[in-house]
Every structure is written in structure tokens, then in C-alpha cells.
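One chain, chain A, links the two complexes that follow: it is found with chain B in the first and with chain C in the second.
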Partner chain A sequence: MKLFRRLRTDPVWKDEFSIDRADEHYVSRRQFTKFLVLTSLGMFVGNMWILARSWFSKEPVYPEKSICRATDIPIGGVRLFRYPTQKDACILIRTEDGNFVAYTQKCTHLSCAVYYAREKNRLECPCHEGYFSIKDGSVLQGPPPRPLPRVVLERRGDELVAVGMRIHESI
Partner chain B sequence: MFGYEFYVDPSRCIGCQSCINACAECETHRGTPMIHVDFLDRRNTIATVPFVCMHCEDPTCAKVCPADAIKRTEDGVVQSSLKPRCIACSNCVLACPFGIPKMMTELEQMMKCDMCYDRTSEGKRPMCATVCPSQALAYVPSQQIERSRREKPTNVFFFGNQRVTTKVFMMIPPERDALSVDVVDYMWEENA
Partner chain C sequence: MEPQHQPTRKRGLTAIDGALALITILLIVQMWLLTATLESYLAGHQEVVLPGAIISGIFFLICTGLYLFVRRVDAEARGDSKSNKQALPSESPP
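Moving on, here comes the complex of A and B:
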């Protein structure tokens, strides 16, 4: 098989079943050079495409969604909710100092649901023992490669409202 | 290769069969000679002629091989059949104008002279040319053959209308340019 077929009147089989031993080897020097050049060109174009996409992509717009009343959750309590869509499970925690934090429940390793371990004050994934910090969602131990995406909360009177997501907040 | 060419001079052959034995001693095909020494006309003369592969520039044997088993190297040497590919169909045996390929039925493989490729590719002489006492098979530089022989080397053959050029040279009378072979002339049944 050749990358570029020579323009000839001979049938294809004569080219593919050539009597010359040199044509037996798939990679001749010239073919290898062509392969290198074309692959590099493909990689370059692919990278340019990714770069262009990241330049022209817009910040995603998140909806505002009321979760619950702040007084509903005791200190150390937890409430599960869905944000930004009905398919995205999130977890809202009222920490020991009375603040509210919320993270997506999907572990960044293999998407198991994380839970709040109150006695250790951290988020734990039961599948592979990946632990996340309650402060900023960063990985404390285990296989997860990235921190948990954080749900941005806003307090409006007594009401807790999710207003956005912060992904890769800290690495 | 390395400035050396292969010359076959049938008029010098004495039928000693040294070439056959030397060929059979080669490690790559031990015990199986790939060279033939044939009697020209057994009834009337003891003249013999050695047959090595002529290594055609447009090898018919390779072109007719349905299994793609016969390959030509970069330096123009047509190799013997590849064992994993040869299907022992004998197409090459029938197609070769010089009658060189021989079917080894016990091996189920065609074997023919490959000009001792293990030797000539690194500058050594073929086994047959090293032992031939009368140098009917000679592997020498072309200047040497011009200097020492009366006959003229040619690598152009005519089989009827087919023109065949080869890598191996045949010594022919000096007044001829090419060797023309009409196969019918040599079919002794016709003449008898």
C-alpha cells in the first residue's frame, strides 16, 4: 500500500503485488517521511482547532435555582439537590462553622457519588477511597485527577440559591 | 554487483559437474543443487551446458507467480521462491524461457539459482563460478572478460518475437549481437 499512488496505466494489482522486493516493505524511507509530515500536519491542525474552539467558546450560562431555606439544614447537615440540570446530582453541606458549601456529587475519577463524612469533615468517594476537601473541593487522597466542581451559592434572605458552577477552582 | 558480472560460456563446459556439487554444498539449501548441467544432444555429442538463472530484467517467472513468491531484489537478482508463499503450482517452470526453475516435488517448492545471493550481495563469487575449472561459469569484471575471451558477451535474447534482456551474460560468437532462439529448432521429435 502506498500513501500516494503513482499515476500509471498499470492495473492496481501490479502495484500492490509488485515483483520487486523493495516494494514489499510497507515503509520505505520516502513513505515514512510522508507519514511523519502528514501526521505532524494533522496534529498541528487538530491543536489549532482545539485552540480556536477554546478562544471562541463562550462562558456557559447557569440558571438560578433555589435549593432550600438555610434554616432547614442543621450544622453538619446535608441536602442533595440537582443543579444545573435534573441529571446533575449535587450535595449541599452546612459545615461546622455554619457556612454553606455545595459540590457536584460526581467523583472526578469514575463518577461515583461522593458523600459527606462528618467525623472526618471531608467528602469521600466510596468506590476507590478518593477524598475531597470540604473547603474547596480539592483532592486530599486517592485516584481522582481533578477537584470536585463547586456550586456557587448565594444567600437571599433565608433562601439558598445556586447561581453557577466553578470548575477547576483549584488544582 | 561490486563491478562483477556473471558470464556463461557453454563452449567451455566440460561436464565435470563441479558446479552442481559446489552448489549443493551451500548452507542455504544444503544437498539441493540449483544449477543444471544438461547434455545438448546426447546421441551425437558429449557436449554439456551449464544452466544458471539468467536473472531477466523483466522476469517472467515472477510475473506469472500467482502467490507472489518470486521476488527481485534492488540489484536485479531474481530470488528463488519464498517457502511460506510457494504453492508448487509450476507456473514459473512452464513460463521461464530458459527452463531454469525446477519444481522440487518432495519439498513442494520451486527452487532455482539465486546467484548465491548470500555471497554475491557481500562481494563474494558464486559457488559454481569459484569451482568451475574451465571458467565456463565466470564471475569477473567485464574488462577482464573482454581481455581474455574471444567470444562476445550478450545479455539480449530473442525467443521468436519476445526480446529478453538478462543480468547474466552468455558468451556468443563475436560476429553475433544477440542470441536468437527458435524453440522449434530444438524439438528433436520434429526433426526425427
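Moving on, here comes the complex of A and C:
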């Protein structure tokens, strides 16, 4: 009888190692599910953070800064300047029709410095061949995801003055 | 000699795997949603931020629901497993 019972029941060593292997699968799946749900919570918190930023962000106040005299720049010429802080490089261009436009010089892709390609009348990023329109800074070609932020200019007599930034142009 | 609780356990594992796959898909969509919302927000399209947050919240709630489902299935399977294990000695001959 004792031998018969031994054959029908689990081996003796299982009493010492009483963890069921199938239960291990359950535990790992459940824990992994919990991890995924916590990651999902993180994504949701990220979206809420963006929402809070958009609700509570204030419009920045830009200083006025004189750039140069209009007559200093010939048709098709450029002038580099810094606005609104000394860390923000910008480019002022006098277009073929005599107007002045200014944009930040940082490409919206990976922040390389854009330059004015006069023969093609556009702003070009040399790093990844991103091209921007000279009219409104919109992306013409390449990887940049957003238009170039535009510097708002005012002409006071012969003087060109930067008075603000227009970051959210249409794509 | 298959134990009696194996079919229930397998069904439970299949259900958990299905829930896990759904959660994974939802999570991938949620990651894309977060990056797309951030990109649009930085580009000045603030109107997409609120719908993005709402949809992300819905996805999170679905994921939580699926997690609770997994826990319930897990508990049921374990309960079934335990009850079968307890029943086994009484079935064996004295």
C-alpha cells in the first residue's frame, strides 16, 4: 500500500520545492501586466503634463532690440544678430523685393544653423538638407518638423527693431 | 495522468495572454499619441492637447480594466488550482 501511494503522489523532493512551475508563469505574466499598466499611467501623466503646460503657460514678453540700419544691408544681403537673448542666433535677410525678414537661425530639426541661399531664395540647413521658405519660414523640404520661428520686425525711420517672436506659424 | 485543473489553467493563461497583447497594443498607441501630442504642442497646435489627454486617459482606464481582468482570472485559476490540489489527496487510496 505504501508503495502504491508513493506512485500516485508527487515525488518527495516536491515537498521541499513546493513552487508550481505553472504558477510561476502566472506570476510573471501578472507582474508584466502590472508593469505595462504603470507605463500606461506614465504616458497618461505625460499627456496631462502637456495639457497643464498649455493651460498655465504665459505668453512670453520679448524685449525690443535695435538690429541695424536698413541701409546697411543690400538687396539679398543678410545680417546675423542675437534675439531675444544672447544665446539665440537669428538671421536677418533683405529679400529681392526689398523687404526685411528675420528668423531664428536654429533649424527645428536638430538645431543646426540655417543660412540664406540667395540663388534659390530660401533658407537651407546644411546638416540634413532641410529647406525653409523665405516668406513665412515654413518647411519646404527635409526632416524639420516645424517652421522656423520668425522675428517680428519694425522699421523706425532707418532703423530695424526686433519687437517679438512669432513661434507658431502655420505648417 | 493530466491533472484536472490543467484545462482551466490553460484557458486562464490564454485569456491572460490575450489581455497582455491588448495592453501592449494600447500602450504602443499611447506612446505614439504622447509623441504626436508633444510634437503638435511644440508646433503651436494647442487644440490637439486636450483630446490627446482624454484619449490617453481612456486608454489608461482600458489598460487598468484589463489588468483587473488579469488579476481576476489569475485568482480564479489559482483558487481552482488550490482546490484541486487539496482534493487530490482525498482521491488517492488510503
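We take it that the second predicted complex is superposed on the first by the 129 of 171 C-alpha atoms of A that agree within 3 Å, B and C clash if a C-alpha of one lies under 4 Å from a C-alpha of the other, contacts with A are read in each partner's own complex, and residues count from 1 in each chain.
Here is the rule we use: a contact is a pair of C-beta atoms (placed from the backbone, for glycine too) under 8 Å apart; a residue touches a chain by one contact, two chains touch by 3 or more.
These figures come from a predicted structure and were not determined experimentally.
Once chain A of one complex is fitted onto chain A of the other, the partner contacts of A:43 are limited to chain C, with no touch recorded for chain B.
When both complexes are overlaid on chain A, the residue A:32 reaches chain C alone and has no touch with chain B.
Judged by the touch definition given at the top, the superposed model places A:86 against neither chain B nor chain C.
In the superposition on chain A, A:54 contacts chain C only, with no contact to chain B. Comparing chain B with chain C, the partner in contact with more residues of chain A is C. Applying the stated contact rule after C-alpha superposition, one finds that A:145 touches chain C and leaves chain B untouched. Touching of chain A by both chain B and chain C, each in its own complex, is seen for residues 20, 22. Only residues 9, 12-13, 16-17, 19-20, 23-24, 26-27, 30-31, 33-34, 37-39, 41-46, 49-50, 52-53, 56-57, 59-60, 63-64, 66-67, 70-71, 74, 77-78, 81, 88-89, 92-94 of chain C touch chain A when the two sit together in their complex.
Listing the residues of chain A that touch chain B in their complex gives 17, 19-22, 24. Only residues 59, 62-63, 68, 70-74, 79 of chain B touch chain A when the two sit together in their complex. Contact residues on chain A toward chain C in their complex (touch as defined above): 1, 4-5, 8-9, 20, 22-23, 25-26, 29-30, 32-34, 36-37, 39-41, 43-44, 46-48, 50-51, 53-54, 145-147, 167-169, 171.
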